[in-house]
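Just below is one structure, and these are the notes that go with it.
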Amino acid sequence: MIEAALFGAGRIGKIHAANLARQSGVRLKYVVDVHADSAQALAQQHGASVTSVEAALADPAIGAVLIASSTDTHADLIVRAAAAGKAIFCEKPVDLTLARARAAADAVRQAGVLCMIGFQRRYDPTFAAVKARLQAGEIGVPEVLNVTSRDPGAPPVSYIKVSGGIFKDMLIHDFDICRWILDDEAASVYATGSCLTDPAIGEAGDLDSAVVTIRTRGGRLCQINASRRAAYGYDQRFEILGSAGMLQAGNHKPTEVTAYTALNVSQDKPEHFFLERYRAAYADEIAHFFDAMINGTPLRTTVDDGLKALELAEAATTSWREKCVVNL
Amino acid sequence: MIEAALFGAGRIGKIHAANLARQSGVRLKYVVDVHADSAQALAQQHGASVTSVEAALADPAIGAVLIASSTDTHADLIVRAAAAGKAIFCEKPVDLTLARARAAADAVRQAGVLCMIGFQRRYDPTFAAVKARLQAGEIGVPEVLNVTSRDPGAPPVSYIKVSGGIFKDMLIHDFDICRWILDDEAASVYATGSCLTDPAIGEAGDLDSAVVTIRTRGGRLCQINASRRAAYGYDQRFEILGSAGMLQAGNHKPTEVTAYTALNVSQDKPEHFFLERYRAAYADEIAHFFDAMINGTPLRTTVDDGLKALELAEAATTSWREKCVVNL
Amino acid sequence: MIEAALFGAGRIGKIHAANLARQSGVRLKYVVDVHADSAQALAQQHGASVTSVEAALADPAIGAVLIASSTDTHADLIVRAAAAGKAIFCEKPVDLTLARARAAADAVRQAGVLCMIGFQRRYDPTFAAVKARLQAGEIGVPEVLNVTSRDPGAPPVSYIKVSGGIFKDMLIHDFDICRWILDDEAASVYATGSCLTDPAIGEAGDLDSAVVTIRTRGGRLCQINASRRAAYGYDQRFEILGSAGMLQAGNHKPTEVTAYTALNVSQDKPEHFFLERYRAAYADEIAHFFDAMINGTPLRTTVDDGLKALELAEAATTSWREKCVVNL
Amino acid sequence: MIEAALFGAGRIGKIHAANLARQSGVRLKYVVDVHADSAQALAQQHGASVTSVEAALADPAIGAVLIASSTDTHADLIVRAAAAGKAIFCEKPVDLTLARARAAADAVRQAGVLCMIGFQRRYDPTFAAVKARLQAGEIGVPEVLNVTSRDPGAPPVSYIKVSGGIFKDMLIHDFDICRWILDDEAASVYATGSCLTDPAIGEAGDLDSAVVTIRTRGGRLCQINASRRAAYGYDQRFEILGSAGMLQAGNHKPTEVTAYTALNVSQDKPEHFFLERYRAAYADEIAHFFDAMINGTPLRTTVDDGLKALELAEAATTSWREKCVVNL
């Protein structure tokens, strides 16, 4: 029986706790959160108890920690959990600064512990199927990737101010998709963007609409477009052109109803937001983490993946600010 | 806290047990099955104990019974559970004979207990959305309904021999869809069919391909086509033409991948079979049953619905055998 | 150079004249119409002259006649054109009565002339592709056919009164599709229907909503549903289940625009009506007719096909009126 | 009656001649081509005669010239036709060099003649519908445009060597789409690309895979991706995100057949290449040209549009070669 501690009892922490509860051979022992009430409520729901980070890491019965607390705590918790010899699951991003993220990655390497970063999109049934079919050679060699990544609406400006900016906060996922699907590292990055949906985002020094071009070492091409606001909801698609065809990953819909009226023929909008769209992905990533712990399955999203995506986000931010192409 | 007994620990019994476990305020106390091992395994998984029908019905702590045992036991168990004053959830069909089904419905009526029949398709997100939009008037008054109902492959002939025939075993669901969507009762039924996929089915006195036409009292029209075998998998669709448009309920797909090759543009086949396609429906019907028990929400699929669908199956069987139109 | 006479300068006559003009080696010499103005206008547009039926048939230079005049003239014109040794293209139906239609077919047979009936749907690119792929064995042996056939709105009641009824006027096309796709003749026909869209249609002794079931000699099954009114436009689809899969023929859309809004994801309604949907089919059938004349290509839609479809329409009418199954 | 001269009797010249023949009030008088046989054949087919450029331009009866000869002749023919006071329809591009293109535009301006550039995509029913719905405000203010533009296969390397490169030869259309859909001029252009499909293209100094990012003066964003080779055929799509939704222009398919097999659910690939996909567009652009001549309708694709698209192609070429962002 693996006993686990969960750091963070917020929205995503609750999802991880529920998915953890479905793993056989795994038990949630502790919940830690700066908000005592949240910690208490979630602990009670899962038969766990509330404790502190120190106590959780000091308990030799704890084999795994799940880090779902605020971004600024990730790197420090990784370092401490690694030192304590725990297997680590950590939400993206590793950190907003490359230096701290590298330190966390170093700590993991030195400790020789498992450390999985929660790039949940790789576990989405549709995205994972594209990757599997690509690897099976269905469309030959990958050439050009196009990624569309749009939220239904922007978070509060107060959040945007501490988010690290659109490239680190939002496109970090898309940079990971780029590396994963093209199976190649970036040689150059170009990014630009605008503030088109809410001037307050621009005043906070950020963009709400961003486009990025990545050329890989092997000459493969990737275009990413992202927006903080799509009137029709959460838009999460990509398409990969290969030498023998193309694979598209499309949006998921709540139902398969088609309506024919005097006006048009319509179907449902995409599923509303990430909690709906990536419900299966969140379940699968937690299953994968414990599968890696129990059966030694190689981790599919490591702390190095977290680091590499952050390097791309950093490069894109520089490209945008300095209006130039950044070579890596 | 509602305590429940489950009769039947087979494939569908396991699904109900898992869904029951997610209801708050509900606990599975007993599992009953003629196969002691199956009962024991399922009971253990859910912290329940194994007992007999008699003991379960005699226990005053039991508020609800879920009947998921073989078809020939349904009517008898309904009668006994009703006599014991339990709320009843029973898999379709109520029985293969109208007389016994009517007796069960009478027992429920006399006892004044809740009795829900597991027409799970009404709880499917896509089907339920069509019904809700129809009721909201989105396509005006319903006129013509077309139902396609195909299994990926036929069950063993040994099962077909005791199944009651394709109309009672398979189209019973589609007859319920007809009544539910057209919101009208049948005035006439015409059925015909063929044995096209496996001669052994014909030798067993049954059809593997059947088509039914229902004209309702209000003149609405319904066509159903069913097959025991579709090479591309489980095909569960219907479309309803109304005075102001049409609503289609389509199949669900495992992923939203589209592949473009030199050959064609392709997507996934429909989800394989009923366990995949109606996963959400099975969960929602159990939630609805306990919601009805706890909050008094009116049952959406009653024992009378079970009876009416069986009457249509009986009429269709007669129409096919006697090559005539059956008026109701 | 083949010289042709066109009987009928109405809506469909104009289409045939335009398509004829695109055939190399073919020239429109005469236009005949009871409305002198219509005849004159169309003749002028195509460099033809106006004449009478007698004169046209008496002109030995005329190799082909195209009959696009009113239904009640078809059989008589076929008989006379056959006697004059002309190749004949005639709009559906051959006639509204079986006796006259059979007489026309006999005349064609005796004269040994070409006689093609304008079942244009067989020449529709989508429908023709389904047939070709079916013949290529792509889905194995055909088993069950479902045909949906809906007009955007009913014609005037004055037309309905002389139309021969919905089965001869509208479903005649669908009966032809049934014979063509299943490649088998009907053994039994069952039809029913209602008047749901306009009481005046019922008062005229007709239906506006009809459903038909055909079982072929080989046990194949066909369901047809037809309506005089679909709020979303012209609906012309069919799907054929075979032992190895299914082929669907879908509607054509004016454009390939998809709109995503806060409400839904929508596309165009189907092309409005038969002139739009079957534009390519009308062109291809005329090309086929002259190809048969010039190169001896076997006719794909003969006067016998016209006869057989009419027999099915007659049987369906009887089935509906007498509320019984009609065996053929 | 407008009399017209056609310069160029090749593939595209034949299409223009056929479309011209359908315009009422217009007659093709002359065909000019350096290949006498081609000129003769096309002239004969349309009742025109063969002549020289000089003679055609000297004939005062000629009101319009259609320039469909090789790219290197366009600018010179525009200048001469403008001087002769003829209305001009010219295939894209105006020229491969900005200087000559500007000279042609100047000549048109000074002569005050009509000059339409054949950006036929603007006349495609799907693309034109997106533009119309955008102008009608259906998705609010345009923000982000994504254009996919892929050929089924590369032209011979001998052609590529004189083509002006992928940006002037192929993306010129996409640059026009960008200006047309965003209704804004470029402020900066970034382009990169690779040679991924055929090394011979790279050896010829060109790319076969290119991606471009345009930021407009108003901050709108455009991403274009283009490839000389898509295994699945001609891929011509774009999608425009607006403040209130998104409009997608999709590919056209030859038929509306859907096939369900044990493998998958498939539809047709896109129409093969530009002659199929833009058949309606070519017809509509010629109708528009003569409508502008006859009725004074404002031209929708002027010589200035030709110039502006060329400026973007030039900027993209520079960006790619110098690996920098080009500001305009």
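In this document, chain identifiers A, B, C and D correspond to the written order of the chains, with residue numbering beginning at 1 in each.
One rule holds for everything that comes next: contacts are C-beta pairs under 8 Å (C-beta built on N, C-alpha and C of every residue); 3 or more make two chains touch, one makes a residue touch a chain.
This structure is a prediction, so every number in the text was calculated from the model and none was measured.
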{"item": "Chain of greatest Cα-centre distance to chain B", "value": "D"}
{"item": "Distance from chain D to chain A - Cα centre to Cα centre, in angstrom", "value": "42"}
{"item": "Inter-chain centre distance, chain B versus chain D - centres from mean C-alpha coordinates, in Å", "value": "58"}
{"item": "In chain A, residues with contacts to at least two other chains", "value": "139, 230-232, 235, 244-246, 259-262"}
{"item": "Arrangement of touching chains [line / ring / star / complete / other]", "value": "complete"}
{"item": "Complex contact set, residues of chain B against chain D", "value": "230-232, 235, 259-270"}
{"item": "Parts of chain B lying in touch with chain C, wherever the complex brings them together", "value": "139-141, 143-144, 146, 148, 150, 188, 190, 192-197, 209, 211, 213, 215, 219-221, 223, 225, 227, 229-232, 235, 241-246, 323-325"}
{"item": "In the complex, chain A residues that touch chain B", "value": "125-126, 129-130, 133, 138-139, 244-252, 254-262"}
